[in-house]
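Next come two complexes, and both contain chain A; in the first it sits with chain B, in the second with chain C.
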Partner chain A sequence: MSEQNKVLKSEDELFRFIDNDQFVSEKITAPRYSYWKSVFRVFFRKKINIVIIAFLVLILLVAFIMPIYWHYDPNENVTNAATYNLSPKEAIQYFGGFSFKWMLGSGNLGNSILYGIVSSARTSLLLAVICAAINMTIGILVGALWGYSKKVDAVMLVIYNIIANVPFILMVSVLVYIIGQGFWSFVFALTVTGWLFIAFFFRTQVMIIRDREYSLASRCLGTPVSRVITKNILPFLTSVIVTLLAQELPSYIGMEVTLAFIGIGLSAAVPSLGRMIAQAQGAFLTYPWEFWSPVAVASAITIILYVLGQNLADASDPRTHM
Partner chain B sequence: MESNEKKVVLSVRNLDVVFGRGKKAFKAIDNVSFDIYEGETLSLVGESGSGKTTIGRAIVRINPCSAGEIYYKGKKISGKLSRKDDRDVIRKIQMIFQDPAASLNERATIEYIISEGLYNFHLYKDEKDRIAKIEKVVRDVGLLQEHLTRYPHEFSGGQRQRVGLARSIVMEPEFIVADEPISALDVSIRAQVLNLLKKFQVERGLTYLFIAHDLSIVRFISDRIVVIYKGRIMEIAPTEELFQYPLHPYTKSLISAIPIPDPIIEKEKKLFVYSPSMHDYSVEKPELVDLGNGHMVFGSPSEIEKYKKIRFAGQN
Partner chain C sequence: MRKYLLKRILFSFFSLFVVVMTVMLLIYSLIDRSMIFQTDDIWNKRNLNERTVYEHMQYQRYGYLTYQDYTDFVRAKYTEQYGDSYSTQAQFKADIAAIQNENTYLENATVQEFIAKTKAEGYEVKYLQPIRFKSGKVKPGGTGFLLASREKSVVLRLLDYLKGFFHVETTRDVKDANLTERYVRFEKDPYSGLFAIVGSGTQHKYQLYFDGRFPFIHQNWLSINLGTSYTTYRGMEITSVISKPAGDTIKSRTQFPALLGTDQYEKTAIDFHSLTYNANPTEADREKFPDNYTSYSFRRAGLSPLETSFVIGLFAAVIAYALGLPLGILIARRKDTIIDHLGNAYIIFIMAVPPLAYIFMFAAVGTKIFHLPYKFANANVKVLAYFLPVISMALPQIATLMRWMRRYMIDQMNSDYVKFARSEGLSEKEIYNIHISRNALIPLVQAIPGTILGALVGGIITERVYAVPGVGTLLTTALTARDNGVIVACTVFYTSIAIISQILGDLLLAKYDPRISLTSEGGGGR
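Up next is the complex of A and B:
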């Protein structure tokens, strides 16, 4: 008791003013936020994505590297009728022991099914990537301007209404008849109007966020339209863009198959999954390996691209970052 | 306060703003005229939907004027402008928005948000100068340098509003339209933002058009008050004049609605309810009349006589 009294003298000495640093209360202690880092963190939180990516890498490697060693010639055994339509078992037997080349059997002209599929997969992937890149780039840029400017909207709506009412398959088939069935003319046919549909979808998205208050604020600061689009509008549509990409990429592979099936696909000189499936449809019951192998590969590629894109789209939505 | 000697910075003349066309047309602003003098704070008050924000937005030219003109320092700024004049007006007239959450770009860092105007007008010598400028303005509004690399969603409402303020101030404007800058804020931080606004006004000689619906805040910040009802001006007066002699019944009702921080008085307070049917404008047409002392009221000639009697009772 007496000791305490010694220490505690008076109230004046007990209390003192502490400095109030106003800036201390302004500090943010939360860790720094980075958009893309969060996207990848959320993306790799789902373990299935790692498996899917592994499959995609495998497909890409096989499709782009193997055709260099496995040269596909559909007519290599055309003179030998004994090689036509061999099942995997028969083919391996006929060509003397196991080889990758004949593990999926032979086609109606004695061609190797596996080599055909690998070369075709490369064509399909290239087609999908090139068409998606062209259509998405043009579509997004035009769509952003289309949604932003009311003047552009009036003009573009008329153009859209005219072109959108022509059936897409009809337009592509007419174009293919006119400019030929090569790979690049096919790309041209798919992209010449394809971007218009993406642009229209994008226009609506832009209109939704166009008149948000921060865009008005940018107008008050005199920000040019190009920077409003790249800084105020596109960053908010990242997940929409990725979702769209997830649908677009597989759709071109599907489109090629569909068009080849009705006979206006790529020419015979270009190996393609669509042509292989179309040719094998008659042999569906008699020589099932000729039909099911390309179907399985086409489905696998589209499903992998789609699932991967959807999961990436989920991860790129900042609402999942919390 | 004799305002005639002061320099007019911005004048609004017979402004009409109409939304929609034809049958659906809605006249949001009807024949509004007022002047703002250099260095003062003019407040626009009125209930929601009365057109306060629309006037503010017409001045920063987000909403086009349907009729009438707006002059800034004698130059017409409504309608089409040459590119040079347009840029000039954008830089000199800035706006602070009501909702600090919506008016900042969520996907941009604070550094970009504050620098946006600087980039647009290239108001800096080199990168170093730009950084120095934004660091200074950030400190002026009471934020930290480390905030520059952060995103708006990491800030509190008051901090965000100060970012919005910094973004306007860094442009070195002469005139700021503050559209309800504190109505979305927590009561405890309203004073902070108001004090910042006052500080900048003193330091930089800014002129404000302050839009608000809270009369107690308006009384604190403004020099003169414009009362608006359904897109028309009801009364214009210097702040204390208006609070002492509210003449128009609508102004009276607004003032009677200010809450009193005493539960007993507040309970017994009699609210004054305004209804346009109080006026009979079938014979006499109403107009905005100057009563002297910078006090203008909207009314018919007989009403004006009545208002004059109330205002100058006991004088002369």
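Up next is the complex of A and C:
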């Protein structure tokens, strides 16, 4: 009897009755996973990314806030020939002691190079962001539909095969030549066909995923096309999108510089890095600071955007979240 | 396969047509046409009515409109009646003078006839009143004109352009009643010592001939007319602008055709293979030439713009493939080592930095450290001038090739066939250099024809930075000089090259990888 009780006692210690709690039984216990949280966790694990972001924030702040205080007037010293083409050292000496304004010297009309670069950087960044936003949005939406629907594919392939034959630089330069050199006509020239190339790239990616089993299952269940695209396909391609963005953003800055160099850049009314570089290219060996300062800034911006985008793309690949 | 190819080629023609049509439509309808006079000296010298007439003349020449001038009309009318002596007729003089009086010109019968005729043909008649000083004297350039103009639609202009695109010479080309003999035949060519195909009645005398210039065999039978330049090369045909050398003339001791066999030699730069028909040769010409083929061009030194660009592009491509592919294999093999990081840094540099910036960096390093010539024309040793442009074009290509080669190599590295090869006991070197790289090359093969043909287009930035006399600057100078003819020509040229490269690339791809079939259909989806 006592033996039996002992056994029972030990059972009491191991188990006890609890009330049936409806609320708790509804809970599913699995480690919490938030996609974007994981992306940023992986992203910030690399310390170099924090440094790059700090640089980017600095550039953005300077480019968007400083022009309010540093009013850039390319013709301010145009009447005083003594201020033309001064090296940083000479300029600081000439204008009486150190000032931010003259720390990069003066240009061929006595203009402050630093002020010019700061106002121009704003134009370049705006151009890059606006063009990338337009091209990526249209490109991804059209590309998703293009890859998904065979009917759309047939039509779009004809259009693509015609337009893709025209070299992009030719297309953009002819368009700028025709519609003018203002900021918005520039945006138009860069986006009117630019999205097509993104869409085509995206089409191929979508086609790969379209026929995977889980998509097939969704289709069998009668899920509408729009939901299959937005819920099944697009999330899978997040890292592809970010990689693409990393290439797109700097490319517009480079395109503006190239077009300005061949003489069809933004008009004189809009300060731009391309224009500054194009104007100073003749002085590339004689007054190097006039040429290399805007080149260095343009390169720094593009490299930062590119590296940041690439690292973000790496982090947005779920396979790195382990 | 043949059917597929035919379909591809037909579609290519269609897309080329659409592109040219769109560009022409945009250029000729959206751009202010008076822009073409911005750099025209003759236009600047003309005033008032004369300027307007000159504008009409140029608009007609560049295909904007067709126009008829009253004076020409009167001249034609009286030539028909009186032959060459028309200009002495009193009636003729009266008709010509009629339009100098703005009050009475409409009373003249010939004027009425001109207006009625041109209006019937759909022309718009414009009367430019004489412009006078207060004294009544006509201002310079202010004489009265009567002309009729008709706008040419873009479609017509496009058809004209396409009609004149290919020209095949025939014996009926020369419209001269005095030319009795018309033939095309083999003849011994006294200038090369070999044979040549010689034509009479054709535009060029020599249809096919040999000479010492690359590619040694030349023809004048088929010509492509891309269009005419307006501002940049004053009325020259673009095909000849890009294919003829523009260096100094080369003089050599030679004989004129009629003097062959005599001992009369001359030191001249005339290229006797370039003879074309001339309806009215001078007396001096008659002594030197046996027939009416007396117009010629000169032999010039150096390379044509097309050849210059091609040489630079080809060297750059060869260097890029020779270095880019092995380097790509190397960094893929040494993945995540310092070599890989260095390679990646270089790739990021090329991908992210604007091309202009790194080309100038190469230029700075090349001139400052290696003392290479900077501007093409200033080079003392001509060969050295090619160094910087070739390097500037090769370095970015190396980066692109490295990037893709690395990517595809890494994708292939975990394939089953690699594991199998390893289990067979092949060395890592063999696996990488033979098995993986061959498969990784498949996507890159497609781009090879494009790289080679793309060399013909030239580097737009590179050629401008180093002032290379190639074709890369053609488009950019045309854009800044508002030379519509050249812009259309460039569109056709660039687009054709892109299309041909694409087709050749696909064919090469299918040849290189037998698994790829261009004709079969695949894939699922709705």
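Going forward, the second predicted complex is superposed on the first by the 292 of 322 C-alpha atoms of A that agree within 3 Å, B and C clash if a C-alpha of one lies under 4 Å from a C-alpha of the other, contacts with A are read in each partner's own complex, and residues count from 1 in each chain.
Basically, a contact is a pair of C-beta atoms (placed from the backbone, for glycine too) under 8 Å apart; a residue touches a chain by one contact, two chains touch by 3 or more.
Here the structure is a predicted model, which means the values were calculated and not measured.
By the touch criterion defined above, A:28 reaches chain B but does not reach chain C. For chain A, the partner with contacts to more residues, out of chain B and chain C, is C. Looking at the shared chain after the overlay, A:167 reaches chain C, while chain B stays out of its contact range. Judged by the touch definition given at the top, the superposed model places A:269 against neither chain B nor chain C. Look at A:257: by the touch rule set out above, it reaches chain C but stays clear of chain B. Applying the stated contact rule after C-alpha superposition, one finds that A:299 touches chain C and leaves chain B untouched. Touch criterion not met for A:154: it reaches neither chain B nor chain C.
Under the contact criterion defined above, no residue of chain A touches both chain B in one complex and chain C in the other.
Within the complex formed with chain A, the chain B residues making contact are 60, 62, 87, 90-91, 94-95, 97, 99, 102-108, 112, 116-117, 119-121, 142-144, 146-147, 149-151, 153-155, 159, 164, 167, 171. The touching residues of chain C, counted against chain A in their complex, run 11-12, 14-16, 18-19, 23, 26-27, 30-31, 348-349, 351-357, 360, 363-364, 367, 374, 457, 460-461, 464-465, 475-476, 479-480, 482, 487, 490-491, 494-495, 498-499, 502, 523-526. Contacts from chain A toward chain B in the complex involve residues 22-23, 26-28, 30, 32-33, 35, 212-214, 216-224, 227, 231-232, 235-236. Every residue of chain A that touches chain C in the complex is listed here, in rising order: 147-151, 153, 161-167, 169-170, 173-175, 177-179, 207, 210-211, 247, 250, 253-254, 257-258, 261-264, 277, 281, 284-285, 291, 295, 298-299, 302-303, 305-307, 310.
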